[in-house]
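Next come two complexes, and both contain chain A; in the first it sits with chain B, in the second with chain C.
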Partner chain A sequence: MSGIAFWALISHWRRKPLQFATLILGVALATALWTGVQAINAEARASYARAASVLEQNELTQLVPRDGAVIPIATYARLRRDGWAVSPVIEGEYRVGTIRLRLIGIDPLTAPPGTGVSPIGNGKDLVDFISVKGRLIVSPTTARALQGKVDIALNVSDSLPDNAAFADISVADRLLQRKGSVTRLVVSPGRKISAAALSAIDPELQIREAGEQPDVARLTDSFHLNLTAFGFLSFIVGLFIVYAATGLSLEQRRATFRTLRAVGVSLRSLVAMLIFELTLFALASGVIGVVAGYFLATALMPGVASSLRGLYGAAVPGVVTLRPEWWVSGLAIAMIGTAMASANNFLQIWRMPILVAAQAQAWARMSVFALRAQAIVGAALLCLAAILIEVGSGLITGFTVLGCLLLGCALLLPSVLSLVLGLIARRSAEPLTKWFWADTRLQMPGLSMALMALLLALSANIGVGTMVSSFRTTFLGWLDQRLAAELYVTARDETEASRLRQWLPGRVKAVLPIWNVEGQVLGQSLQIFGVADDATYRDEWPVLVGTDNVWEEVTAGRGALINEQLWRGKKLFVGQPLALPNGLNVVIAGVYSDYGNPAGQVIIGIKTLERYFPEVSKLRYGLRVDPMREETVRNLLVHEFGLPATSIVDQAALKRQSRAVFEQTFLVTGALNVLTLAVAGFAMFSSLLTLSAVRLPQLAPVWAMGLRRRDLAIAELARTLALWTATFVAAIPLGLGLAWVLLTIINVEAFGWRLPMQIFPLDWLRLGAIALLAALVSMAIPVWRLATLLPAQLLTVFANER
Partner chain B sequence: MNARQILLTIAFLVTAMTSDLFAQGFAGLGSTAEGGFAVPTRGSTLAFPRDHGAHPNYRVEWWYITANLEGADGRTYGVQWTLFRSAFAPGNADGWADPQIWIGHAAITTVDRHYVAEKLGRGGTGQAGVELAPFEAWIDDWSMKQSLDERGDPLSQIDLNASGKEFRYQLTLSARTPLVLQGDKGYSVKSAKGQASYYYSQPFYEVRGSLSISGKAVQVSGKAWLDREWSSQPLADDQTGWDWFSLHLPSGDKIMAFRLRDDASGFVSANWITADGETRPLTRDDITIEPLQFAKVEGRDIPVVWRIHVPGQQLDITTKPLNEQAWMKTSTPYWEGPITFSGSATGVGYLEMTGY
Partner chain C sequence: MLLISGLTKHYASAEGPVEVLKGIDFQLRSGESVALTGESGSGKSTLLHLAGGLDRPDAGTINLNGKDVTNLDDKQRAGYRRYQVGMIFQQFNLIPSLDVASNISFHARLAGRHDPLWQEQLVEALGLSLLLTRYPEQLSGGQQQRVAIGRTLAAKPSLVLADEPTGNLDEATGDNVLDLMLLLTRSAGLALLMVTHSSRLADRLDRKVILRGGKIVA
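Let's turn to the complex of A and B:
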């Protein structure tokens, strides 16, 4: 490899700065989106792992009760006296006003080393922690939120996730009113636990092995898979850009290659120089990409964090830290991407005979054979998608179907377009029109990459847009049903609650208790609510399927309603018996939709709840009042009864909150959508730019036959618009297919609910307009060039060897 | 903060915390009992079996057994079994709310090794505690319990067991002589300012049983000594630690002697117990306890050779440890190990030294 030869090669880019920018930007964009998404995922996963290790001690083996609640304190004592190195944990949800704390009570005296509390400075602090009054250890954010609202001293620790608190087991026992019973037992590391020995002591206990994936990570997997899919899509689109840019640069430098070869540079050396050049560029744009990815992740992270909180209750910090592994993975992906995108082009150089005249557009001309092969692969992928829809299940299958559908359609697109163009060309009589269509068809191979990218981006937009809008419509309708009560009040303690129960009747139309307990049902820890016998539920509650007299059965204590998530997740059916904790046996009477909740839920009659779960906290109530009297009742509650205004929430405020959570959830999806579209637009631009540069030899004869440059430019514009329209039209059914997969397969797997698909053509129009604008912008430079081309340049085509 | 840091912090904290709890026993507790704890008073009568049980209204309490044993293998062993109780607040509560903390220490000393184990637990749960009928003091799977066939005082025959990472022991202790009340009928003064504890002993146990060290079992027999003590303010502000001796004389007589160290000359108290259980309290004019030789133990200078001189009884002996590295590496570390003595008499005993 010689320095002078290398400089000769690289000088090309000085003459083509726009092409250079395209190449660098292509790789950088692809890398940025990929690393950005990976960064978000890594940050969230790290935070789950941290939370799991701190909160659930999931790196330790644990003993948990089988279905049905808790471990009696006596069982704990018996295990200890038998020499088992187990440490008790009491865990539950503790409400402080509107804040829900995940309260974890540990016993520092028996806790294995490494389980937890860190912020205590000295022995005195641990004595305070363990002493009668106790301490709550919380994150700085939670400490600020709790300030002045609890009468327990707070200690701050950075190692705790938000909305969680550590306390001594005695404090947790007191606050959660557990009366001694333990949630789970943590086993000291290194101790072998034999299931046989355990069942001899207490058959109600079972072993949960260390290292099981944290619940929240399992729940949020789908969300992250979603992001990854988006990142990957963008990356592929980015690769199209790189493919176009490297192809063009190699094509345009064929003359240089030939000259270099002629003056004695070996083929090996030439290819080595080109690889070196591209590696250099890939590295440079990789660095840009990683930095851009970091900023992208930083910008999106708060949205992601609040989505995760809203959807799954997972506490993830809204900030991203730049990790060394990103640099490695980001640069690696940039290099691999560039290598993949340019391998084919290099192969052509390698095979090129030394003195062959460079053929116009050789790089862009896809053989009929290649086109056919691509179409066959595409069709096969679509078949695979169809088969998977029929036989497969699970989230991975869902995403595979999605991938097959997208890729299959993208691969088919050039062939289909080519076919259609051929038909039109054959049917048009007028020579200029015939030329127009034939020429368009000739452009197809060169534009196919960009068109495929555009198709992917557009259909992803339509698909995701349809899903989000369907979701929004369904969700808002559901909120109206679900939040039927006009006012929601929370008493501060049982005394106040019991005063409320006496005070309210007569002042409001109905009092609907919102009481719930947590319990083990079918091996899951979930919430069991009680409902009053009230017309509100019969009229408003969104029951999906159920017996004719659902509410009568629930009121009578025989039946229970379960939410859609539990119904689908456990494959239950109406009429099936269901064992609830404390020996309560019911029959599933109906299923209701419960969007925005990742966990299962059961509803039973309020009387049954009180009888079987006497410890239930009776603090929350929904109040039905005449909408006209809402303000009056609120004032009465505050001034006459003495409830703080913050303990009363009206329906509108609650709906506002729920909507905000919802919108947050899809903010990230929206942002990634826009970015993908931008990358696709850029791919279009770079392809058109490439083509305009190499198309001169084809246009010159038409020009020579008398077509004005202006007409040529208009024809160019029309051609691009025609291709764009065709792609957009193709994107609509693909997008709808995508939405269908998202709604009926992915959502059900990921969230546990199924949504009715609704179509929003206005959204497509908006998207079409944006994409059209992008297409027009991307055409601006090439068309402008063509319109202002010097006749002399067109003439040189005939003089030139090319 | 990563897992390792948290781990280190926790380990440190538990250590620091138990030191704090111990500080209440070893030193530093104010001259008055705060927090509503009861205070020992002179002239109250100890009653058994009631007082074998826990006294939750007092801040600290212990059931403390040391044994000098000879193995069938011809080797000499020392065994310790201790249950401490330390309270945040007086009294009991149900379940986790109980303010009583229990700490168990167990050890075996040989000529070349000293094996130690420690356990922590809380009252109210059944994990640790003391019950009277039948008598049992326990923490986890360690216990000191009345042998079932005994009709007299529950402590006249007891089974003792404990285990650690590399050792375990199972001993039966029996005594024919009644319990010995220390100090003034069980009221034991601990400083010139009048700090005191309730204190009684059973120094006449004969022991049989087995030890197992690193999986190797050995039959043992010998003598053991039980100390029972409870108080809310056993030490004065300026006292920093103590040196405590229990000695088995060849005549069958026993000596309990301790020296509490402070900035000045300290506080000395002892009891000469005759073979039939008669007690003769000794004051600082009757007995001299002085260190003769120090050794480096865990980086500290510990007096391991002592002279004990009781002129009134023509006793002048020098004590030597079986293993001078008998360091209890527990949350609050201290020295505790078997000793032999020679001079005007020869025999065995136990030495405890705290606050070094």
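Let's turn to the complex of A and C:
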């Protein structure tokens, strides 16, 4: 590689600073969005892994009950007697007032080394930990929240996630009232356990191998897949920009390539120089992209953390740490992306015979064959999407359908637009109009990448917007039904709760206990709620399917209601018998919608709940009160019971909180939507700029025939707007298709609930206005350049010197 | 110096292979200038491209300064063009992103023969002193061709190949450019092979070779 030849090659960019900025920004934007999203995912996953490592000890092999129930202490004793190096763990939810703790009881004397948390250690700490009064080891935040609310001493550990606590197994057994049964058995590292040997001792136990994905990681997979899909979409749109910019730069330098080769630069050397040049640019813009990605991730992380907490109850820190692997992966993705976007252009250079005269606009020319091939691939992808909808299932299939749909329509767009423009041009009689449409059609190959990017961004916006708005409308309606009680009150302890139960009747219209226990149903841990026999439920509760007398069956103790997640996830049906813990057998009487809850849920009659689960915590109540008396009842509760204001929540406040959680949840999606649209706007700008650089020979003859430069500029403006409008119109059905896939396939697979799709044309108009603004901004410079072209510049087209 | 013998070249076309050169024998001595003339399609440019190592012949040999350059690979042909040959095109083929001074020194630097004194003399002789910081797009056709000549001669190749170097210029400018080219190649003792349609220009060179139907007829 020659230094002087390389200098000649890159001197091109000195003369084209805007084009250079486009290329650098294209790669940087693509890298930023991709690495930003990856950083968020990596941070969240690292957090799950940390939590799983500490709380679930998932780095160790474990023995768990096959049916999801509990392990009798006798089984543990037998295993120990037979020489099995296992240690018992009890896990369950423990309530302290309004705080829900994930309590984990371990036996520090038999626990494998290194699996405990830091303050246990040896000596005095250990003695305190296993003492009768015991200790709770919690995170600093949880310690602050529990201060003065528990009568057990608290020890603080930084390695624990919030709302979790470690205790000695005897303390956990007492607090969770497990009466000697354990949740799982942890196997010492290095001990091999055979399934056959285990089956011989207790066939009810099964082996959970070390390193299995934590539950929360599995649950949140769909959320992260969603983010990745957005990041990937932006990355692809960014690559369109790179493709346009490198394509133009190679096109503009064709003559230079020929000259370089004529003066003795070999083809190999030329291509090596071009690859080196692009590698340098990719590295530089990759660095910018990674830094921008870090800031993007930092800005979005609190929203993501909030979403994960709201949707899945996953505790993720709201901050992002700059990790070395980011740099490597960010730069790698910048290089790979640039290589992908420029491969075709390089191939053209490699194949370009030295004697072929430098042809202007070869880049902007796309053969009819290529357009047709693209359309065939697009149609094939749409067919594949249709087949997958019919026969496929699963989250990956859902996202594949989404990808096929988006890419298929994007690939078809240029051909369809070209066809339509051809028809309009043929039908136009007036010469200028005919020229306008024919010329617009001529620009299609050069603009196709930008239009495809715009279509992807707009349809993603419409699709995701429709999904979120449908979700919002349904969620708010559902919230109105679910939060029917006017006041919600939480007692501080069982004595206070008992007083409340005696005091409330007669002062309110109805008392609706909100009592629940955690239990294993169909192999999974879920909440079992009890409902009172009250008209509120019959009138308000959102039942999706059920028997005619669903509430009678539930309150009589014969039937149970299950939530949609459990119904779909376990493929249950109304009328099916359902075995609940403690020997309670019921029949599924109905299914209710339960948006925002990641886990399954069962509702039985309140009396049945009390009978079969006498240990149920009876602290929370919904109160039906005449709205006029709401304030009076609240004041009475405060004065009679000395309840703090935080223990009494009115319906409006609860709805406000729920709505806030909802809006926060979709804040990240909204931000990514806007960013994708911004990248697409930039792709449009880049393509228009590129085109304006090669448009001169096409426009000069029309100018020579009597059109003013101003007219040409207006025509350019109108042309871009026409193409933009056509793309926007095409994006609407595609966006709705996208929303349909999201609502009927992906949401059901990911969350277990299905939402009715609703249409929001006003949202489209708002999006259209924003996109139109972006289009106008993107065309400002190219059109201004055209309007201010000097006649001398136009004349050069007719001079041989050109 | 340049010895071409039995040179044959054909191209594929829709009607089948077209034989452009049919066994050309040709010789060019150091310091000699030869005009290559003939009708369009007679094979003039093809001969020039083959001599310049831009293309490969089907048969025959090309020998420059005693070295056979007929069957060089891509890398060797690039070296041949870099160190042995200088080419001047009808379309000038300047590098648009480099200014005049950089364009002129470009080939010489690439060949490792940059001679600032020689370049200064060339710039002076070509009348480009006031244009050194300009870019190609800011020059007239005649000025651009003078820069192209300067670029070629600055590299001091032993063989200069010019493909209708005045084809894009008006008569007066063309004459002026040719005068300069002849003066400089002769003073540097370089061999010049120039393709031209113009008999008037061809007559001003040492010798004239006429191609017709892929053969030398005079």
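By definition in this document, the second predicted complex is superposed on the first by the 767 of 802 C-alpha atoms of A that agree within 3 Å, B and C clash if a C-alpha of one lies under 4 Å from a C-alpha of the other, contacts with A are read in each partner's own complex, and residues count from 1 in each chain.
The definition used in the following text is that contacts are C-beta pairs under 8 Å (C-beta built on N, C-alpha and C of every residue); 3 or more make two chains touch, one makes a residue touch a chain.
Bear in mind the structure is a predicted one, so any value in this text is a computation, not a measurement.
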| item | value |
| --- | --- |
| Which of chain B and chain C A:Ala485 touches, first, second, both or neither | neither |
| Between chain B and chain C, more extensive residue contact with chain A | B |
| Partner chain(s) touched by A:Val132 [first = chain B, second = chain C, both, neither] | first |
| Touched partner set for A:Pro108, first chain B, second chain C, both or neither | first |
| Which of chain B and chain C A:Leu566 touches, first, second, both or neither | neither |
| Partner chain(s) touched by A:Ser266 [first = chain B, second = chain C, both, neither] | second |
| Partner chain in contact with A:Ala8 - chain B first, chain C second, else both or neither | second |
| Interface residues of chain A shared between complexes with chain B and chain C | none |
| Touching residues (chain side chain C, partner chain A) in the complex | 49, 52, 54-55, 74-75, 77-83, 86-87, 89, 91, 93-98, 102, 106-107, 109-111, 135, 140-141, 144, 151, 155, 168 |
| Of all residues in chain A, those that touch chain C in their complex | 2, 4-5, 8, 11-15, 255-256, 258-269, 354-355, 357, 799-801 |
| Sites on chain B touched by chain A in the complex | 1, 3-7, 9-11, 13-21, 88-89, 94-99, 101, 120-122, 125-127, 138, 140-141, 163 |
| Contacting residues of chain A [partner chain B, same complex] | 53-54, 59, 73-74, 76-78, 80-83, 90, 105, 107-111, 113-118, 120, 122-127, 130-132, 157-159, 169-170, 173-174, 179-180 |
